[in-house]
Amino acid sequence: MALELQLVVNGIVFGSIILLASIGLSLLYGIGDFANFAHGEFLTLGAFITFAGYVTFGLPIYVAGLMAFLFVGALGVLIDRILMTRHRDSTPIILLILTIGLALFLRAVIRLQWGDNQRTLGMPLERGTELLQGSVGWIDYGIRITSTDIAIVFLALVLATGTHLFLTRTRMGIAMRAMSDNKSLAKVAGIDTDTVMTVTWALSGALAGTGGMLLAMQTGVLFPRMGFNIVLVVFAAVILGGIGSPYGAMIGAYIIGIAQEVSVMIPGISAEYRYAFAFLIMIAVLLYKPQGLAGGRW
Amino acid sequence: MMTDNDPNADDSSMNRRPILKTVAAGGATAVLAGCIGGGDGGDGGNGDGNDGSSDGDDGSSDSGGGGATYDVGLVNPYSGDLAPFADRNDRGSDLALSEINNESVAGGKINKITADSETTSNAGVSASQKLVNQEGVDVLTGPCSSGVAVSIAESVTIPNEITHIMINSTAPGITDLEDNGYVLRSCPSDAFQGQALAQVVSDNDISSVSLIVVNNDYGQGLADAFQKRYKELGNTVETTIPAEQGRSSYSAQLNEADNPNSEGIVFIVYPQSFQTMIREAYQMGIQENYEIFGAESMVSDEVEQNVDPVAINGMKGTNPSPPIESEVYQTFAEEFQNEYDRQPTVWAAYAYDAYMMLGLAIHSAGEYSSDAVANAIYEISRPEGTEVSSIAEGKSELDAGNAINYQGASGNVNLDENGDPSGSYQHWEVIDGTFEMQGFVDTGQ
Amino acid sequence: MALLEARDVVSGYGDVEIIHGVSIDVASDEIVSIIGPNGAGKSTLMKTLFSLVDCWDGTVTFRGEDVTHDQTSDLSRNGMCYVPQTDNVFPTLSVEENLRMGGYILGDPPKENYERIYNHFPILEERKSQQAGSMSGGQQQMLAIGRALMLDPELLLLDEPSAGLAPDLVDDVFEKIIEINEDDTAILMVEQNARKALKFSDRGYVLEMGENRFEDTGEVLLNDSKVGELYLGG
Amino acid sequence: MALSGPAAFLVSMLTLGGIYAILAIGLNIQWGQTGLFNISVAAFWGIGAYTAALVSKVGGETAFSWGLPFLWVDVVGFPIPIPVAVILAAIVSGVVAVLIGIPTLRLRTDYLAIASLGLAETIRLIFLNEGWLTGGGTGSTVSNPLVDLQYTNLTLLVITLVVLGIVYWLAETGVQSPWGRALEAIRDDEEVAQALGKNTFSLKMQAFVIGSMIMGVAGALTALRLNYITPFEFIPEFTFYVWIAVIVGGSGSNRGAIIGAGFLMVLLEGPRFLSDFLPGLSGSVAADLRFLLIGLVLMLVVTYRPQGFLGDKQLMTEDNT
């Protein structure tokens, strides 16, 4: 039967995967003030770039991951320069529709490049190491962890920490937070909001690209809809944490990740409903605390 | 639509078959005409009404003998969830078409026109409307998923009296469609495989299992058939766990399947999800404790190439038997390999057979129209004729006035009165990471 | 030549013209106030001067150069800074980060810029790691001014610096403004609190319906019976 | 049967276009009129379709033997006309809309968007996993009495156009009424509307429920068009399609919604003819190019004509959040 603690561990791993995507989405949401529906495609692209590096070119996985980070980051810059500069004053709804168009476009490009057949990273299989066998009452706290799990959690946390340092220590990072706080004041203060926006796209893309790599490592298979399939959960994490707050997104990602997994312990709820469970938590939190858990704070 | 309400459709079809055979020997056309006539009174009018578009074709095929073109539609999931199947259907059908059009049938060539079903009924119906009404095809093939197939059959092909050959739609429910004989399949119903799989699991002395099932028409249909037979054999299904395709993790499903009362886990999912599942199952140490079984959907290059053998070695399951040892299949596989530089899947074989049967049926009928194909396709596949496996053989036998029995790459493709080929299944075991066929399953029926 | 010269400025929002041709001068050592009833277009004028609102007609020159259509960031770089009336600090940034953003254009502003501001507003140094949003209204106003001073501007535009402050804080703010002015920064401010503003100002303009009404030294305006009756609440 | 050739194709496309137009009008009441950012169109569409499918099956044989007009369906021995199946679809959609509206309509715009998207996905999972009710992944047959008619598709087209006409008339009447103006007030500034003494929650709920009911009606028609429905019809992409229709046609305009639906049909179905002009194109490449084109057109439209063809310019180009 299910090992209860194992579910929590699985949740942490899944939470780590959506963590990077959530931070990136939240940054764009906060600073650009719109929901980027193409974010799922960023993830997919990150996964496929990793595939291209690791499988097609035979590079080490971390080099492939770095490629995903850089490539999707660069794509973010490209999108911002070509498409988004015209839309600096557009309403959120225009931007939302725009990103839906972008999502369809990117997914078609991914299909044209890599086809519809699923691809596999072919990472070596590994049996999870057993830790902490035993149980207390009905709670079985035995867990198994693989080095991939650890790598995923580690990498996600390293990048999250890096993002935190960037946002709090660098001039550009603080400018991003300032712009998220108050766009017009940022302009008044002489902040080059155009550049800040471009950097935000780059960072958001780069984090999503790496998130895509983690997703590919976890699932093992790649397909053009993979990012879109989890983007709703990413949105749930972002909203749960409070839109525009990357720290909230971190909390949100882990809560959603763990809650989803643990939800299978509820009797009578099929495993298929765990995505629904993520949304129900989100809505419950919104009703109780409409600003999200972080209350709009950074 | 399920008018038959026959709770035991499989058995009844078994019972009825000998009768059909007997009558068919006397005159298959009469039986089929009867079948079609059974729908509504407008039989005579059908031919006329239908031929608004195909008259031109008939004319050219009759007169020319050299340059006629027979438009056949293929609704294929080029996008959407089942997109990976589209290329298989294209490869299999193109391979058949190159042979058909080399030889020419009834003095003409088959022209395949494709349209995207997007794996949804809304788009699939639009796509087939375009093929049937805009392009004027007389025969429609595809699409992939059974749900879309039924929508198209009910909304487009049956009302338009278009012969509809399904290539990958294996849902048992399709057998019972009230189709006036227009709906045929080149793939067997999963009702048969469910029985075979139940037999294999039971024969391995596994008396209780957890099922992980992709929750679509394919998975549910197969799981139902499995469950029914498995219980008849005196075993128990502990839980049936639905799993949607395309998820990034199935650990929750696997945890649920990890049930102390189960001795085995049966996967009825597509390769894509299976690769994720088996990876997680291995990490969780699940196959240490359970015997693992799988349906035919596992048997694929993807799984062989991408899954580490240690994770799947010893796994067992069933596969509709392309008679791998048979010459027909060997030739098919060889040509396929030459053409596409890869091994064919069973799905490519079904697509290949659908088009081969179509080609032979056109030649046998001597004309191209929906009704002519629907009738002739039974004739060229029935067991009484000379066995043939290529267009050239078939043509020479037919031209000599002999009845033929097409032997397909996917099996003997003898269509029953519901337009279904009977399935025969091999059981396989994964040895050193490859699916090794172990011989045919005797379902005892 | 005055530091800032606005001539016949016309501007507005969308299709609505709000400023119908206003002229204003600020000399390099002055404190100048713009007063007038609600809806007179005082804030719009400020925003027009700072290029936050498009100038439809007329010219604005700063240090003799035409800056009518300059970008706000160029204006800041060249010595004109602006403090909005409300939402004038970044609430989730710390005090120090707010100041750092004030000096964004300089790259990383040197230490003495911070020190100059901490000298004017010691409270900001005490609270430099506190989140700006959690400070009192008066402290936020000081931070807002401090932020604008990071670039050491020659001209500071203040939109209602006393808005929403308790009466005893208002004097504090004005005293700080004088202090800043003595530090070689010209001040142009819009004030609701007209009487007090004029008292502290060298000169004042009275605006009504988007047009100049009166213009004189602060003292004269304060004592002008007509101005007093119409705009200073008797 | 009966109709064949390009005419039949046209009939089928017009029917689908009509269904999209109905969906778009429903969404327009919610978004264009009231400013509700609803991304659960597919869910209500599906609820309508499943309701119609279930209703149609209740009686088994249809009431033809009663010699009644063809629009009648038999339910538990009691013959009811198809419009009743359609109305039932609307009612069920409306009830679900109330249940969803209670927790979500108080949320701010973008939260409502994501919350409704989540609920739509939840509803799709229910379609998929509650097999006892919906047939699960296998799908559900629709006992469509129309298939026994001589002009099945034409009849459905006529029904669709009649429904579209009624829905359009209702929506236009609503727009002109004080009720419609109250909704616009909420759209333009909810706080002001509240200050004017409007019960904004109740008004928003009304708009949400009515819009959702219209979507449910479109679902019932879809069930009649497809004759067989599966949960895979009601994926989020279809919600986006309806949004495209509304945005391109012009938010706030019901006529625009219809034009937008027409544009959507050209966008979705037009590229099917791409392969006619590019014969060498493989099926999957053509499909990919089609979506490439859809994405591109969408981006171009909102970039160069954000208010759509007939839209309220202010709604789309000025930030009123």
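General remarks:
All chains are identified by letter, namely A, B, C and D, in their written order; residue positions are counted from 1 within each chain.
The definition used in the following text is that a contact is a pair of C-beta atoms (placed from the backbone, for glycine too) under 8 Å apart; a residue touches a chain by one contact, two chains touch by 3 or more.
In this text, all values refer to a predicted model and were calculated from it rather than measured experimentally.
Counting hops only between chains that touch, subunit A reaches subunit D in a minimum of 1. Just to note, of A-C and B-D, the chains joined by more C-beta pairs in contact are B-D.
The greatest centre-to-centre gap from subunit A, using C-alpha centroids, is found for C.
Subunit C has its Cα centroid 43 Å from the Cα centroid of subunit A. If you average the CA atoms of subunit B and of subunit D, the two centres end up 34 Å from each other.
Distance from the subunit B centre to the subunit C centre is 78 Å, each centre being the mean of its Cα atoms. Between subunit A and subunit B the centroid-to-centroid distance comes to 40 Å (mean Cα coordinates, whole Å). Counting partner chains per residue, subunit C has no residue touching two or more of them. Shown for subunit A are the residues that touch two or more other chains, namely 111, 115-116, 270, 272.
Multi-chain contact residues of subunit B (touching two or more other chains) are listed as 78-79, 81, 83, 86-87, 215, 242, 244. Under the contact rule stated at the top, the pairs of chains that touch are A-B, A-C, A-D, B-D. Put simply, subunit A touches subunit B in their complex at residues 1-3, 6-7, 10, 14, 17, 111, 115-118, 120, 122, 124-128, 130, 144, 146, 148-149, 215, 218-221, 223-226, 229-230, 260-261, 263-264, 270-272, 274.
Subunit D meets subunit A in the complex at residues 37, 103-104, 106-111, 113-115, 117-119, 121-122, 125, 128-129, 236, 240, 243-244, 247, 251, 284-285, 287-292, 294-299, 302-303, 306, 316-321. Put simply, subunit B touches subunit A in their complex at residues 78-79, 81, 83-84, 86-87, 215, 241-244, 246-253, 255-256, 258-260, 271-272, 275-276, 279, 282-285, 302, 305-308, 310-311.
Across the interface of their complex, subunit A is touched by residues 50, 52, 72-73, 76-77, 82, 84, 87-93, 97-98, 100-102, 104-105, 107-108, 147-148, 151 of subunit C. Residues 1-9, 12-13, 16, 125, 128-129, 131, 136-139, 141, 143-144, 147, 152-153, 222, 225-230, 232-233, 235, 238, 268-269, 272, 275, 282-284, 286-288, 290-291 of subunit D touch subunit B in their complex.
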